[in-house]
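Presented sequentially are two complexes of subunit A, the first with subunit B as partner and the second with subunit C.
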Partner chain A sequence: MGWFLVRGWAFLVYLFMFLPVAVVVLLSFNASQFGSFPMTGVSLRWFAELFSNEAILRAFRTSFILGLCTAMISTVLGVLASMALVRYKVPGRAVISMLLIAPILIPEVVLAVALLLFLNFLSLNKSFGMLLMGHVVFTLPFVVLVVQARLVAIKREYEEAALSLGANPVQTFFQITLPLMAPAIFAGMLFAFTISFDDITGTLFWKPGGVETVPTQIFAMLRNSISPEINALGTVMILLTVGLPLLGAAIARRMAGKINT
Partner chain B sequence: MGTVTLENVSKRFGGFTAVHPTSLHIPEGSFLTLLGPSGCGKTTTLRMIAGLLDPSDGEIFIKGKSVNNLPIYKRNLGIVFQNYALFPHKTIFENIAFGLKYRGVSKQETARRVRDVLDLVQLPHVADRYPKALSGGQQQRIALARAIVIEPDVLLLDEPLSALDANLREDMRVELKRIQHQIGITTVFVTHDQSEALAMSDEIVVMSAGRIEQQGQPEAVYNTPATEFVARFLGASNVLPATTQVMAAEDIQVETNHFGRLVLPRKRAPQIEGEGRSQLIVRAEKVHVEPAGQTMDGAISVPGRIEAVDYQGQAVRYFVRVGDTQLQALNMIKEHPFEEGAEVSVNVRGWDCTLLPEAAA
Partner chain C sequence: MTVETREARQPIILLTPALSTIGLLLIVPLGFVVVYSFWLRTATGADQVGFFLDNWVESLTDPFYRDILLNTIKIALITTVVCALAGYPTAYFIARSNGNRLVLLLLLMLPFWISYIIRTMSWINILGVSGAFNWALMSVGLTSEPIQMLYNEATVILGLVHFLLPFMILNVYVSLEGIDRTLEDAACSLGANRWRAFLEVTLPLSLPGLAAGGLLCFVLGAGTYITPLVLGGPTDAMFANLVFEAIITQLNWPLGSALSLMLLVVLGAVVMVYNRYLGMTQLMKGLQ
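So, the complex of A and B:
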């Protein structure tokens, strides 16, 4: 009886969380003028309209470029930081590790304001570069966590064997360590991309005037009216931010399966 | 091929000394084993030779040249790790060819050498597989192949057989020795298994707590242990208190509590310089247990009683009570082993024993 209640509650909680999402997806196919029930028919009209809306397309492009750049930079930095922390006994490892992870623990608003104040202090203007920098700061911890966990699990002997066979440390890194880390690097990159793509809080603070990412664009649109286009946009976002990591996880699993250390 | 020389090499980890100053010379083409219990510093010593650890003090020479400042990837060594460390994302061919790539060996030559070395380790058909598709014993052979295909100056092996099961281990022991002999490579082998060491080595270095206890050929180390530690570590030994009484030109007479007066050849007591207290080492297989009343030529016979029997198939180990001491005896079984509680005669011959000064204990 007790367990039945617990299960019932859990079910309700999930329902409460996912029902709105389901409603958005459902309504995005609604043929009606208004972005709400009742459904008057199934159509792709709002998707068509979405893809002819210049502002939204621009926002998509911005988000993509921002996400890609963030993923690239975060991954490179994250891999380097992980190598330094795990493989080389840099002094103050614990502290550096803490600082790298900290952006996850600090509320994003605080982080956003802090970075803004810092740049003001340096009297720099808001720019795409600064937005990118912000995204890198708070996606880096995820990359570091994922890559570090993997690196710890890769036995030193593989690298030592490569060195003993005549590969220098750089060759060893590219021939042995990097390929063995690849699944984690790939996963970290996807994490960074989706987190950047999804982000709104930091982006609102950091973006220069006139630049919109998809989330800030939705936000802006919502302030005027609730167009059914937003439902369609939401559906696309859900597809991207849920689908990409799932796809990535599947690919990473296959890669790991082949390597299987 | 090359010699390896250690001059007063030591290693400290913080305040702990893992290897005390050690000097060692490994001649060209010979097979030297570092033997000792867990934690005695074997791996540490090997890793210093490999260049995976920097010595705290002292100097290491390979082929007569100091390598203290030479990084591992320039030392031209072949290393076989305990868990093989085959690159999991590369095929067997790529694994073996890995070292050749950094030596500017042509594609054709690489293919030929990989084929040859796969023949040498008797696995000609696995080139296209990944390591995880091989059994432990096969992976072991590939690890060896990868290490020797680069024609290293020295081959370093850290407990390479310990991950294999008992039967395979004995096969690989013979195999490894055959290959080493065939290519004549200077080899340093680390193990805590005395039978491996005795079977494979040209020279054994017995280590304990970061120090060399004894160095010598297997037979010498086995038959003439220099310390009580070595006597006890290599096979089962009985250690009995004794008193050296008469030193003649050829022989030494000792008095023991259990076997009375025994006569040993002097070469069995190289460290004994005068009369006085000493220790008599009697290997378990040199304690012969016979039916009560029976004696053996040239042996001192004393009565004893079997306290425990450890049956091993072709041999049997007895724990025999003689006076106030329990002795171990390892005997071949002639017909049936004695049973627990049997009254027997215990026989020891003087020339089978080794005499150590008491201080060496």
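So, the complex of A and C:
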């Protein structure tokens, strides 16, 4: 009886989580010219309009480049820091960990204000560079957490074996450590990319006028009215943000599989 | 250079890039915001450097700011409680399910990965005047005119719950997963019924997860300004909206500095209390 209630409750919660998403996808195929019910038919016209909308395509490019740069920089920083924390006895470890995850604990609005005001004080105006710096700061903790969790699992014996068999430290790093770390690095990059791609809170503070990322573009479009085009954009975003991690997981598993065999 | 000094230097070299990034782009700017909050925005629009308490006096005494701060805390608290009530049984279901737990977790992660702004705006498609809910109501003849259900405090909370619920469920799940299931069986064999075994064994042991999830929901909920902008009415501004207004719209950066520090202190205090009694380990587990 109790279990039955728990199951029903969980079912309702899952429904609550998925219902809005399902409605967005459903409405994006709506033939009617208003983004609303009742649906009058199935059509791909909103996707066609989406892909001919110059502003949205530009936002996509901006988001993509920003996400990619963010992912690369914050993964390099995060992987190096994680290696230090996992592999070495670092004095003041608790403080260092706390500093590295600080951007998660500080409200993003405050982080956004601080960076904007400080860089402006240094006479640096809002720019793509400022956006990139901001995104690196708030994705770094996630990379550190994800990479650390994976790094712990890599045994040091492999490297010691390589070294004792005559490889020098550089060879050992590139031929043993790096391939073993590849799934962790990949997971970190993917995480950083997705978080950067999705961000709006900080982005609205840092973006220069005229530059839009996909979320800020959607936000700007929402001010007018909710057109079916936004739903189509939502569907594309859902496919991307859900598809990428799934693809990433599959690739990571294959990479891990290759190393194990 | 001896091997020992090299061993000691390596972690420092590895940590330097990340720590200097955090230091230069977060810690120093935060310090700067403290300084800036004592400056003054003059009528001409220039910032007067100095030590003025005006921004702080305004932020701390103006009932407008105080009311919005209290309202923000209230909304974040309600959101957290709703997340706990909705999330705990769900996490329990996943942890105790005989089915494929991985699939259930992955399903939960799907909406988690979907863009925050899309998930927030999707409620307009459901509750809006021409949304699914009104259409359903009119189809069955319950109402002839569409009802405006959006743009109030309840829809802000709804949007926040939808955004934050996965954080809660994952944290509770992680702690439930770590509990030895035979403990509950032991309680039962000693005469407790299932419900009592849950209340006196499982629930207390899972409290750290519940607290970690609660902290995340509260802090993230209280720091948002997008949800009230999309799903709230004109009177549903939260504290972060004030910061956004001061910084981006009015360009009153000294006042914006004082306001963002107020938000930081209030939310920071909550994190500190949590850290003092429960430590950060549980929170880190849930985030991984």
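By our rule, the second predicted complex is superposed on the first by the 253 of 261 C-alpha atoms of A that agree within 3 Å, B and C clash if a C-alpha of one lies under 4 Å from a C-alpha of the other, contacts with A are read in each partner's own complex, and residues count from 1 in each chain.
Operating definition for what follows: a contact is a pair of C-beta atoms (placed from the backbone, for glycine too) under 8 Å apart; a residue touches a chain by one contact, two chains touch by 3 or more.
All values reported here derive from a predicted model rather than from experimental measurement.
Visitor: Mind working out whether A:Ala153 is in touch with subunit B, subunit C, both or neither, as first, second, both or neither?
Guide: neither
Visitor: Does subunit A have more residues touched by subunit B or by subunit C?
Guide: Ranking subunit B and subunit C by residues of subunit A touched puts C first.
Visitor: Regarding the shared-chain residue A:Gln171, is it in contact with subunit B (first), subunit C (second), both, or neither?
Guide: In the superposition, A:Gln171 contacts subunit B only.
Visitor: In the superposed arrangement, does A:Leu247 touch subunit B (first), subunit C (second), both or neither?
Guide: It touches nothing on subunit B or subunit C.
Visitor: Regarding the shared-chain residue A:Met237, is it in contact with subunit B (first), subunit C (second), both, or neither?
Guide: second
Visitor: Does subunit B (first) or subunit C (second) touch A:Val42, or do both, or does neither?
Guide: neither
Visitor: Of the two partner chains, subunit B (first) and subunit C (second), which one does A:Ala161 touch, if any: first, second, both, or neither?
Guide: After superposition on chain A, A:Ala161 lies in contact with subunit B alone.
Visitor: Sort out for me which residues of subunit B touch subunit A in the complex.
Guide: 50, 52, 71-79, 81, 83, 85-89, 98-99, 102-103, 130, 132, 146-147, 150
Visitor: In their shared complex, at which residues does subunit C touch subunit A?
Guide: Going through subunit C, the ones touching subunit A are 7, 10-12, 14-15, 17-19, 21-23, 25-30, 32-33, 36, 86-87, 89-90, 92-94, 96, 107-111, 113-119, 121-126, 128, 130-132, 135, 162, 165-166, 169, 194-195, 219, 222-226, 229-230, 240, 243-244, 247-248, 253, 256-257, 260-261, 263-264, 267-268, 271, 280, 284, 287-288.
Visitor: Applying the document's contact rule, which stretches of subunit A touch subunit C when the two form their complex?
Guide: 2-3, 5-7, 9-10, 13-14, 16-21, 23-24, 27, 34-38, 76-78, 80-81, 83-85, 87-88, 90, 96, 98-111, 113-119, 121, 133-134, 136-137, 140, 142, 144-146, 149, 194, 197-198, 200-201, 204-205, 214-215, 218-219, 222, 226, 230-231, 234, 237-238, 241-242, 245
Visitor: Residues of subunit A touching subunit B in their complex?
Guide: 155, 157-158, 160-169, 171-172, 175-176, 179-180, 258-261
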